[in-house]
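Each of the two complexes below includes chain A, the first together with chain B, the second together with chain C.
Presenting the complex of A and B:
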């Protein structure tokens, strides 16, 4: 290829990806960089000036008990919700993979929660789990499981579990889809080989299904883990972090600093902290599990 | 410990909507302990379905399968004590070779130490001892198939089932593995049931073969017998390379001088032959390419043009054409001086003819009796 050809090709490449890159720069990268630099300034809604304060925002933040409590809540919420989603995905994935009646309809139904807007899910669950009118409490009372209605989103000890189940239900279908897709691509000959070696149903699950799902489960855990760690909307819609601070995860806490205290500098420092935590966890994850390598070996 | 197998009226029906097909149709046969038994046939003949029913991977629609005297028809695969090797090998990709071979022992909760011993012994038998720490993906196709065989034989199953184990391998490897499996059979002495579409594999490896067609075993016999005395025209053309020549001939000259004629050639046949063919005016006549011999003109039965010559090394495979267009194959040594396009003279020994029924394809005569048949 001559020089003029390759330079012309370079021109085409620039023309093709240039606009997208500029758009991304304007709408994503510049705001992100601006937000992160805010962490080093004293910037409040009432002060038009921006004073450089160095690491002061970070020192303030790291000394707050609220931050560490929110971090703890975030970890509980992330692990709980991702765990619920994996269990949900595994159960329905395996169920829908079987040749059962109405499988096609079930498969379409299972994806529905994923398509619903978060605001709808938030409101619906608030009604379903409402202590006075909610259908769940009515059923529990009717069957005599409980004597008094449970205040699912208002009780200090149950609010977090209720939030976990709600998000788990909403995003579990994502796990179902990925797991189902993987299950269907497992070579049926592997099951036959295992059975010819004397393996029953349980051993087939342990020695064929699980190893084949390993990569998928790890991938869901990573993707959903990041998502859930950053999750804001559903928690805000349902509990706003309450009761007291029972469901106040990091994003909720940072939102409150920004839009209740109107201290954008400190909120930006909080975002910076979250970003670093996710970065460190992701690096560790890839060092230990490396999902892409798994896929290569399994081919 | 090897067992004998009995298949009693085994039928497998697949239904597609309102239509149902018997993939295996009322199949009955006995396989003796230690035998190397092969199901051979074109694809869709029911051979693999039969094997899968023996393995328990496919349910039996009707009939019974017995291991020795024990009825296993309703016993699931994992309860049958079989070993199986699959066409697509199907090793567990996430397990090491050691774990793959030892899998059935692990499932049976054999102590770790004993598993190691037996895996190592099996690996030695298959010359893959140096591969035990590797993963399947690091091995070549032939080595992977050895591992699959190792996995199947390590617990010394009652019967070893092989479903086209060599068809995923290239030609040279296939020949190598063929003798390897044979050597293995001599050493472990277990009953082997083998499925293949390759008649060469069936011929070279088996103690007995069952030629399958449309879900039925049309002939069950030793390989040499199937080759020499095919039960039907379809078997005759399926077994042996190149395929047997079969063509139309008419039967006439009743009474004292019965004869078969085709392409202007007339062959007198014995009275016994005529009796066997009684009532027919047309038959299908067959002769193996190896039975066609190049002879001097005065000894020849027929005269043909050599239209194509394919050297096989020692011998040549020749395409011949008779005056009326009938094409025959000949396998034998043809001198270099005989070039394509030249006229050659061919004889066929009467005992090498097979006569088949023109409609049913059933064999009517293996060899013609008259020792002095010549063109007249």
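Presenting the complex of A and C:
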């Protein structure tokens, strides 16, 4: 290839990827860098000026009991929600992989929650689980399961579980899709071989299905784990972190620092902390599970 | 054996040198800074434009703005660009615009929210407008010796009750704390009907109930110290007893109320117009408006009433008005405020939610033009009630003394009164512990300022 050809090719590539890179730079990297920089400044909402304060915002934040409480809530929420999604995905994935009647319709229906806007999910669940008017409480009362309505999103002991179930229901579809796709790519001969060795359904599941799903399940756990750890909208719509901080996860806590206390510098420090936590978890994940190797093994 | 990976030819072309990096960095920096420089210059210098952010979400009120704006532009040549971020988001919107160095010329929202902006020196002096228009003293917001808010309207926190239920039970409307608990207990028949409503959440609805009842009991958050500065008074001396008494009263009332651990303003209305509570409250008359829309049969039976008094007959006062951004097109914004307040459509704007948006001047309330409205004609009892409590409203930033209390945001922004109710009614803590913890929270925030 001559120099002029190669420089022409370089020009085409630069023209092709340039706009996307600029867009990414403007919409993602610069705001991220700005937000991280903000963590080192005293930046309040009512003043365009900002003063460099070094690590002061971090020291302030790390001394707060609220931060650790919110981190604990975030971990509980993330593990609970991702666990629910994996169970949901596994159950419906296995079900929809079988040759049952109405499978095509069920496959369409199961993806529906994922397509609904979060605001709709939030409002629908608030009504379904409403202690006074909600259909769930009416059924529980009618069947005599409970004597008094359960305040699902307002009770200190049940609010977090209710939020976990709501998010699990919405995002479980994502797990169903991935698991179903993987299930359909498992070589049927593996099952035939297992059965010829005397394996029953449960043994086939443990020795064939589960090992083949391992990578997919780990991938779902990582992706959904990151998304759930950052989850803000649904929790804010339904409980705003209440009652009495029972559902106040890290994003909610940081939002309150930014828009109730109007302190953007401290909120940015909170975001930095979240970023570091996710980074550490991701590094551990990639080191420990080595997804590339997993994919190679499973190929 | 590891094979060294080579970049494809095209990427090898992307060689960099120190000079090219520096040049690219300079271009990038200039490119990034340019929009901000251009927009700031344009904002600061354009005397023929106003950006107006309004809390209003009602389409009727927005239509009135459109009408007034068109007339204003025709008369002055100044165009008005409206933004309606909504009640929940306006404080954030205003704050982020200021933080980015591009404040709006005009903001219409609560004076309490504006106070924080004024304290940071971001609002223009509007004393001339306040004097010209004749805004009453109890609606003023004075920071650094100058008015920072032009009040257009106000709202009081007061109660609403089902007169039919009272009549059936042979009860008289409540007047004090004892009679409030008595009627609430008598009318309480859960889960079909609750005697009253005491939201116990870290929400504005919950906080305002606590703050209102503290005013009724002459309990204070702060006290003016010997040095002329406000200090936390919540858990001090006799005041501690009054705050504890208030909290215990609301805890007793909560026994005849739905749990309400996640209630906000909407729940106060929906619980009422679905016929599940005998007594509710609101800041203003929107509860009546919603009852008229959703349960027309209940509307005539819905009567206004002062929340029960104890030591005082004060009313929590919420003031809304115009606020002019300092350093913006101040002159254009001030012209607009004057134009708006003197425009005939100002009355139409007040009528967008009749009896809810109360004029700032009593003479307007009692004017024929204001009364010329179907809803007001139907509910002259509400207008008479408002007229009877005129002047008794006290804005929170003047509740603890005649000097503006700049610290109210420390307990209002995160609805600390609501937290107190939740901690006792839902969390099960005793009143004194809750009050002391609340006081500590305010002190911690003060020390952090």
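Convention: the second predicted complex is superposed on the first by the 299 of 299 C-alpha atoms of A that agree within 3 Å, B and C clash if a C-alpha of one lies under 4 Å from a C-alpha of the other, contacts with A are read in each partner's own complex, and residues count from 1 in each chain.
The rule we apply is simple: a contact is a pair of C-beta atoms (placed from the backbone, for glycine too) under 8 Å apart; a residue touches a chain by one contact, two chains touch by 3 or more.
Being a predicted model, the structure only gives us computed values, none of them experimental.
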Clash or fit, chain B versus chain C on superposed chain A: fit
Centroid geometry (CA): angle chain B/chain A/chain C, rounded to a multiple of 10 degrees: 160
Touched partner set for A:207, first chain B, second chain C, both or neither: first
Partner chain(s) touched by A:151 [first = chain B, second = chain C, both, neither]: second
Which superposed partner A:239 touches (first chain B, second chain C, both, neither): second
Dominant contact partner of chain A by residue count, chain C or chain B: C
Chain B versus chain C as contact partner of A:9, first or second or both or neither: second
Chain B versus chain C as contact partner of A:187, first or second or both or neither: first
Contacts of A:195 with chain B and chain C, given as first, second, both or neither: first
Which superposed partner A:131 touches (first chain B, second chain C, both, neither): second
After fitting on chain A: smallest Cα gap, chain B-chain C, Å: 17
In the complex with chain A, residue positions of chain C that touch it: 9-11, 13-14, 32, 91-92, 95-96, 98-101, 116-117, 119-120, 122, 191, 200-203, 258-262, 271, 274, 276, 413-414, 419, 422-423, 426-427, 445, 448
Chain A residues within the chain C interface of the complex: 1, 6-7, 9-10, 13-14, 30, 43-48, 60, 131-133, 148-149, 151, 153-156, 239-244, 256, 259-262, 264
Touching residues (chain side chain A, partner chain B) in the complex: 187, 189-190, 192-200, 203, 207-208, 211-212, 214, 297-299
Contacting residues of chain B [partner chain A, same complex]: 55-57, 76-79, 81-84, 86, 88, 90-95, 103-104, 107-108, 135, 137, 148, 151-152, 155, 161
